[in-house]
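For reference, chains read A, B, C and D in written order, and residue numbers begin at 1 within each chain.
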Amino acid sequence: MRDIRLLDQMFLPGLLIGPFTQANKGMGGVCTFVGEVRSDTGVEALELSHYEPLTLPGMHGLADRAFARFSLMGLLMVHRVGLMRPGEPIVCVSAAALHRRDAIDAVDFCMDHLKSAAWFWKREKRVGEWHWIEPRDQDHSDLARW
Amino acid sequence: MRDIRLLDQMFLPGLLIGPFTQANKGMGGVCTFVGEVRSDTGVEALELSHYEPLTLPGMHGLADRAFARFSLMGLLMVHRVGLMRPGEPIVCVSAAALHRRDAIDAVDFCMDHLKSAAWFWKREKRVGEWHWIEPRDQDHSDLARW
Amino acid sequence: MITVVLLGRLADLGGAPTLSLPAPLDWAGLQAALPPALAEAVKNSRNRIAVNGVLLAEKTDLHAGDGAEIALLPPVSGG
Amino acid sequence: MITVVLLGRLADLGGAPTLSLPAPLDWAGLQAALPPALAEAVKNSRNRIAVNGVLLAEKTDLHAGDGAEIALLPPVSGG
């Protein structure tokens, strides 16, 4: 099962992961990462913009690479866009596989590559003002692992 | 939040992960691995025996090491014992952290070490007969990663 | 007409999420047609250009006809 | 009495999950008191011994008094 989505509304990861797990019968395990909007001091809201003609194909291309690289039975990759509040889920990646290592590594791989494969632009609202978030060095060292 | 348990009854991972996620407010992300009893050809049932005076302290000791090694806000580690059927969840490890890398690595670390830290003995029923499962080489190479 | 989609901070710089410019446009034409601050920004190698959803390897490859959509893309944000 | 808990395949070998043996027991005494097949198995370095929930570093360290629980532990299974 392959389920790649951009969502512009609040979602509940459990409602996605339950059916995803059920859809991959006979698997050995499923690894899931859910990222939430952090409650950093002073952050009132986060806005994620995307460019549909690049963002969704980027996610599909990343899914293709994950399926080619790992032995997967299923991959769920869901990313929020639009306006979010601290504590809301922003990303959910779940991989089902016969073997644990494939499931965990596929989630790790997708999370490390999501930001470079799919085009998103983030800005934060602090004290009523929006600020664009710049790329972080950590992202480059994460990518160098693969 | 720290929640370490041995369960002798079927459990639904979603019912554990939901409250666990809610209990770790302000986190950046939560990584979860759920292992299921594989539907290998001919396996009718799996039985996991444990020795309580070693098994549960082993899981707590592993949780201590995970908290010492990674920056975690919460760790959930639940393992089934007793008789299980293919498709039933056998293990669920969930780690909540401010940063994705800590959450994913903590789950990976706990899964790699669970079998050596906590004492479990597995046997499979095939064609009506029980067979003990021997240690696998893969387990040793997984441990050598850390 | 050509629609120019401005992403991220380039939308702030352009004052709007999209602009409409007369077709056709090549690289020199785009720079001339954009407001000065935006024209300066697109020259920066960190900002990329896509035409009809396809990233350009070289900005000088730009050739957009009537009805095309040009996207101006700043670097994606970390998180 | 001392309770001897047999884990994994050692329970099969012993024919029961637990045995009761007269106290006290040291390493030589345990080997002498166990059924022959089990006595042979516990000598194997892959099989470990715990007394009252504490693993013995050396089996010759075994000293169990009345009411103690000795566990005989084969290697844990892969999966």
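Things worth noting here:
Assume a residue touches a chain if its C-beta (ideal position, glycine included) is under 8 Å from a C-beta of that chain, and two chains touch if they have at least 3 such contacts.
Note that the coordinates shown come from a computational prediction; the quantities given were computed from them, not determined experimentally.
Summarising the inter-chain layout, the chain whose CA centre lies farthest from the centre of chain A is D.
Averaged Cα coordinates give chain A a centre that lies 27 Å from the centre of chain C.
Measuring from the averaged C-alpha position of chain A to that of chain B gives a distance of 23 Å.
Each chain gets one centre point, the mean of its Cα atoms, and the points for chain B and chain C are 50 Å apart. The multi-chain contact residues of chain D, meaning those touching 2 or more other chains, do not exist; every residue touches at most one other chain. In chain B, no residue reaches two or more other chains under the touch definition. Touching pairs of chains, sorted by label, consist of A-B, A-C, B-D. Across the interface of their complex, chain A is touched by residues 5, 7-9, 11-12, 50, 52-53, 55, 69, 71, 73-79 of chain C.
Of all the residues in chain A, the ones that touch chain C in their complex are 35, 49, 51, 53-54, 57, 90, 115-116, 118-123, 132-136, 138-139. Residues 13-14, 17-18, 21, 25-36, 38-39, 86-87, 98, 100-101, 103-104, 107-108, 111, 142 of chain B touch chain A in their complex.
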